[in-house]
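Order as written gives the chain letters A, B, C, D, E and F; numbering starts at 1 within each chain.
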Amino acid sequence: MVNGIVLPIKKVFSLVDSKITVEIKDDGRKLQGRLVAVDEYLNIHMEETTELNDNNQRGRNLGTVVIRGNNILSISPVI
Amino acid sequence: MVNGIVLPIKKVFSLVDSKITVEIKDDGRKLQGRLVAVDEYLNIHMEETTELNDNNQRGRNLGTVVIRGNNILSISPVI
Amino acid sequence: MVNGIVLPIKKVFSLVDSKITVEIKDDGRKLQGRLVAVDEYLNIHMEETTELNDNNQRGRNLGTVVIRGNNILSISPVI
Amino acid sequence: MVNGIVLPIKKVFSLVDSKITVEIKDDGRKLQGRLVAVDEYLNIHMEETTELNDNNQRGRNLGTVVIRGNNILSISPVI
Amino acid sequence: MVNGIVLPIKKVFSLVDSKITVEIKDDGRKLQGRLVAVDEYLNIHMEETTELNDNNQRGRNLGTVVIRGNNILSISPVI
Amino acid sequence: MVNGIVLPIKKVFSLVDSKITVEIKDDGRKLQGRLVAVDEYLNIHMEETTELNDNNQRGRNLGTVVIRGNNILSISPVI
């Protein structure tokens, strides 16, 4: 841990219960859904998850998904 | 550990003994089977495992498989 | 560690001295041999190792091999 | 930890609040933005993030992004 | 650590000062050289390193090389 | 830690302040520069960094770069 510094995962913790976009590493896919839980490894549990296609339009419904943190490239709030 | 937050792996622990779909990182393959055991790294032990093809239809039987967590993209319940 | 849960690596420990198939991450290759040792990271030491080709037929002999766990996709017993 | 050696992440901590370029592993993409927070795993929280195209020209606006450290190839100050 | 089990890295420690073949993850390249040092992450320090081409014939001389363990697929003794 | 064994990262620590070549995982790129700092994860901070092209000739100047250790394939001294 690093004293006196706001950690990047704090930003993600602040997004619990709100809608996020998760970009998957390597395959350019994006998933959008409600963030239910996240841990220090950035493993995340999402509900009401849908895939976004290349034009950021909603694709397949995936429902409940747990994604392993190391395969997540980035997490952003949906605004 | 993060106090007061339900961890994502708790969701996976709740799926022990039920049927799950595991998406493999990078190669788009999906495996379906009964979750026997899972640990904090999301290493999983499945039984009665089968491959799903692109149309989500059952392919080869793989039987007993232990999959290393870092190569798992996502885990979902089968409903 | 997770109390009261049989860990996935326990399954692999139970395979020491027997024949296993190891699927390598990303390149679809499979190795078959006798499992001599395994640790908590799923690093494995195999003897009498042979490559399996796409039709699951034996290819080159590799003899003694230590494989790093993070590059292993899955481990299965040979039955 | 290694005594008496200035750690590489110290360099990144010194860049908090300034503008950085982050190169993403494997896909050659670069992101540019203000570094808000970083931790020991090089997870980073950026604001006012934009993508750079191959000619290092600004592309899409991404806004707030948390990037997982293991998928970051390199971090450089913008000068 | 796992009691009463000979660890896979013990096999690699036994190869210090002898000639090994290291297979690199993903790119099918093999390096051959004398193993000078190895640690618990399978990071290795080799000397008199040469690349092997697809026919296992010696290519470029690389001399002194430190390879990060996570990018090593396998380590074998040269016999 | 492993008693009585010279660790591979000791070799890299010995290269601080001298010129090194870093080979990036997966993309075959090489970076050359002065090693300013390195830690136990092989994260490195380089200055006066330049890219080497396929013929090992100097390409773009990158200046100050922090590279995450897991994306480094190998580190060698420049002689």
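Just so we're on the same page, a contact is a pair of C-beta atoms (placed from the backbone, for glycine too) under 8 Å apart; a residue touches a chain by one contact, two chains touch by 3 or more.
Predicted model, so just to flag it, every value in this text is computed and none were measured.
Touch-path distance (fewest steps) from subunit B to subunit E is 2.
It takes 60 degrees of rotation, in steps of 5, to superpose the Cα atoms of subunit C onto those of subunit E.
At the far end from subunit C, in terms of centres built from Cα atoms, lies D. Mean C-alpha position of subunit B lies 18 Å from that of subunit C.
Rounded to a whole number, the gap between the C-alpha centres of subunit A and subunit C is 32 angstrom. Taken residue by residue, subunit F touches two or more other chains at 25-26, 70, whereas all remaining positions touch fewer.
Because contacts link each chain to exactly two others and close back on themselves, their graph is best described as a ring.
Each chain touches the next in a closed loop, which from subunit A via subunit B reads A, B, C, E, F, D. Here subunit E touches subunit C in the complex through residues 1-2, 5-12, 25-26, 28, 42, 69-70, 72-77, 79, going by the rule given at the top.
Interface of subunit F with subunit D (complex): residues 13, 16, 24-27, 36-40, 43-45, 62-68, 70-71.
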